[in-house]
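Scrolling down, you'll hit the structures one after another.
Paired with chain B in one complex and with chain C in the other, chain A is shared by the two complexes that follow.
And now, the complex of A and B:
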């Protein structure tokens, strides 16, 4: 908005201080997350903090596809699961099947690479059709993968899957201990979050958003629509793959149940509850869902958690299509407007520059 | 790979249409002849060696046909609803499972299996009607939110059904007159003493197959030969124009949704009698419906029949000949269809 004197739109880009570049909200959130371990118990650190960040990252990969690409995928947990299975097969497991015992610095990049390729492949299948079909096809893919891992013992060890997957010990630190694991998740999540924020303002991100809004026109201008979409899937696969590695370290195991239809829908629920407009949405949604998952026992008993989460999801879809972020936009305090505005204007500015060069 | 996807929706050139169709027809005839020979002829040893045995092969085919009938019953409702309302009902599997449970309860309570079937159809039709009026009418024209809502409904429904009926597996008992097995006039092998071994198949499964065909023909006639069918087809093509020409589209929508949900419920009872009723079946049949309509083409009854036939046969043949990779076969069929014909075999261009 033009009435904001400090808006970066009016200043040359080099003159911005780092506080403005990052945004006050980001700095406060970052500080809180950094000192969170000092005030949280181990349970809150790992089961809520770490787990939310991991789920948030998987949902972030969905937000990237849905929010910027208009492709709502239900196969993100499948991609994460692919990374998890690579970790189980090439790392060490207790199940006595495979477990090549490769060092972590080999199998972690391998896991993420394979997951991103799986994602690109799913994307390549899914982008053949548009809109609502993407949900159907990715759901079909996710379900088929679930049944396949359940039936196949040669590669995926069937129904039991793999147990005893331990995070590595590097620099004398066991990375599954509460505090290191939390910081590991935080670092990865921050990286993914920043990458998505940066990517959204990049030439590629803007092209992708333009394709979302009008694929036909973009094709006519001469953009390769399919290639852009598949590349977005590949990028989403990197994030989901990294989250998948963290997820198996968190759980210590991977089985077909990890990538079943329930968890796949759960990822979508998280993203929708949080909101698909901004990359912070999936993390918000993940925190809300994880807290609900933990404390639902007190409300309606542990058994009926799915009913609760389903009803909350329905409520959100009905009253606020943009999730918690949408609610926030509607009811936020007036003073808070600046940050979001500057973010928007900044997006627009950088975007225009990107398009002209 | 990017280029390949762009060039696929190439229309067939007009001049080639006839010869191409003749070629396909000839190929199908040859395949049909080979198939008829395989069904009725004595198999030579080499064929037995490849395909395990004639009995295994024919059982797989028959099971595949039965399953196809079941899949068709589930998927036809799904495809009807989608074709008319552009509403991807991901709660369709839940409707199937609910129908199965209700059929079980009614059959137990009244002692008549047919009443269970009727109840499965009618109650689910009412459920579908309520869903349409209370939920989907409010979100008309918003595909994504409608789909999200159906996902939410399926989550809640699965959980509530688990709460009420528990995790145990139920079997809906078929009545006396449907039980037992029949001998089909197909010789599977000849014993060394010269007696012929006939193929034995459960009578109930044949009934399932026949009723699926009857319902399929009925649906086709309803859509293609009646007034309401004309409205449905008009609605598939252009909803706004149908409304403008004085038809109350909401009534048409409600009828179609009730019919689709009812068919899912009916399939639930029928399928629950042939197989079993347990939590998780909803996902299985949702997947089946999705793949069937993706392969067959959205919004087409004939497409649903073809898709169901392909998927049912592929699943059962896969089960016999490469057990752990059966799902992959289904999956490959879906991917190949999407690669060659993204709109499905019978899907129109949109």
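And now, the complex of A and C:
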């Protein structure tokens, strides 16, 4: 389901066709996702397909920070929520508060821009800490934002938040209809996924991973470590912000409940279930969690649902600290277990031309 | 006294590469460094000797800013850098290696040297992949050659031997345009052959690049430096040419007396 199985040893050096560059797994996955609407009901298209892609994007923003930068954030849903509130305030809502009715092509970029700045600000606070303290401080920020939006009526309309948020109609298409919404989410998620995959081998991507490995050495070769970490948060904010816009169009509403501690932890659970080593992980995790959320509730009831998620989480972390990605690595034929480096070499082969093996 | 020799030797040479005035560093009640005065001319190659715990690494840490000194001031080519952030000092041409290798175990040799070059040049925030034709990539080639790592360019740093990692430490210090380098026991743990390699690498450095090398092995130190400073208990207690140092009875006492001279 991903490009993982491409072993560097099997790849010929020299020129490659676009199929090799893109990776067979990517092409198959892409084809499946493109024709998925022909097979799926509206429910599966939106509630499972679209929603998984949106949650996957928010988790992807976490994967970028945690996987490449070693910074585990619990505030990604807060960043997405910031974009959501901008949409509610500057677009149209039914709550009779604000709702300036600006055109979508103004408030969508504005929402993403503000979300990325919020993310950079949270990052700027969080980069002073490391490891478990980053988790704690981002959790504190997320909780503070939750309570603040709940109590502030002037800007956030307090507890009820905003409802009646509609996706725009462009080119005669209402973008919240199942098929257009699915393709919109797919396009945005693909863009974000491809950007992260490409960016991982960019100068900044290497920088971020090197900072994760050895910040002291990075300073000693001239890097301003703090500035680079904050920049990573800003980039993650772009992805989470774009996902936040889709999220409020999906829900039709935004309230403090959207950015509460539960949803914040949910994003982390998704990322860890999926795996943090490759940008496909968050999307795998999102599909699993969304399916469980949708169907387990019918089977075991809503109260027990969190217990189930918790058990699955424990099970996966217990069997494979690298989530579903790690399971894939472990059980796929002949390859056996591979370390992080081999894995990365494999992913690098997908996009890096002219590199000898 | 030997310090006077140093001073007179350097008279009339404009700004020194490095100038330490009364530099000291406390760790709580422990005085790791005190009253260090040092003048090093551009292009000069100096060895620092001293027993374990003498404060040699701490001296380097205060010069690069890994720790700030608790007293005194440091000038680099005439500019006061005492309170500058580490990366600011590096961008001014100061470099260092670490006694215990500090490397990026998940990157390749080429990527590591590329980053070391990037750190002191522009486009540090570039979201594009480095092109093969990139001048930084070209420099990564020539530097890996200079430290005898040609064959390992595309190997992951974590898979290199100890000796090769020590060579990469040096490569990271050579990237960009270094003016002055601090080598912290580059020979630690090397085999005799690797030591010979190291001496060759150091002696092949461009003449304008000065350095301080910390080295326990007197033989190595004497072959790569023209002047020697001795440290003991956080203080510089003598400086001189290699012959002067070798024949100094106090030095022999420290080295033979197990560091309690």
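Heads up, the rule we're going with is that the second predicted complex is superposed on the first by the 317 of 357 C-alpha atoms of A that agree within 3 Å, B and C clash if a C-alpha of one lies under 4 Å from a C-alpha of the other, contacts with A are read in each partner's own complex, and residues count from 1 in each chain.
Heads up, the rule we're going with is that a residue touches a chain if its C-beta (ideal position, glycine included) is under 8 Å from a C-beta of that chain, and two chains touch if they have at least 3 such contacts.
Predicted, not measured: the structure shown is a model, and the values here were computed from it.
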Original post:
Which of the two partners, first being chain B and second being chain C, lies in contact with A:307: first, second, both, or neither?
Top reply: first
**OP:** Name the contact category of A:223: first (chain B only), second (chain C only), both, or neither.
**Re:** second
Original post:
Who wins on chain A residues touched, chain B or chain C?
Top reply: B
**OP:** Please work out whether A:201 is in contact with chain B alone, chain C alone, both, or neither, and reply first, second, both or neither.
**Re:** second
Original post:
In the superposed arrangement, which partner chain does A:36 touch: chain B (first), chain C (second), both, or neither?
Top reply: neither
Subject >> First, second, both or neither for A:261, with chain B first and chain C second >> reply: first
Original post:
Taking the superposition as given, does A:143 touch the first partner, chain B, the second, chain C, both, or neither?
Top reply: first
Original post:
Does the superposition put A:214 against chain B (first), chain C (second), both, or neither?
Top reply: second
**OP:** Show which residues of chain A both chain B and chain C reach, each in its own complex.
**Re:** 224
Subject >> Complex contact set, residues of chain A against chain C >> reply: 198-199, 201-207, 209-210, 213-214, 216-225, 228, 231, 340-341, 344, 351-352, 354-356
Subject >> In the complex with chain B, residue positions of chain A that touch it >> reply: 72, 124-125, 127-129, 131-133, 135-137, 139-141, 143-144, 147-148, 151-154, 224, 226-227, 230, 261-262, 265, 268-269, 272, 303-307, 309-311, 313-314, 317-318, 321
Subject >> In the complex with chain A, residue positions of chain C that touch it >> reply: 64, 66, 85-87, 90-91, 95-96, 98, 102-107, 111-112, 114-116, 118-120, 123-130, 132, 154, 156, 158-159, 172, 175-176
Subject >> List of chain B residues in touch with chain A within their complex >> reply: 1-2, 5-6, 8, 86, 88, 90, 138, 143-145, 147-149, 151-156, 158-160, 163, 283, 286-287, 290-291, 294, 323-328, 330-331, 334-335, 338-339, 342-343
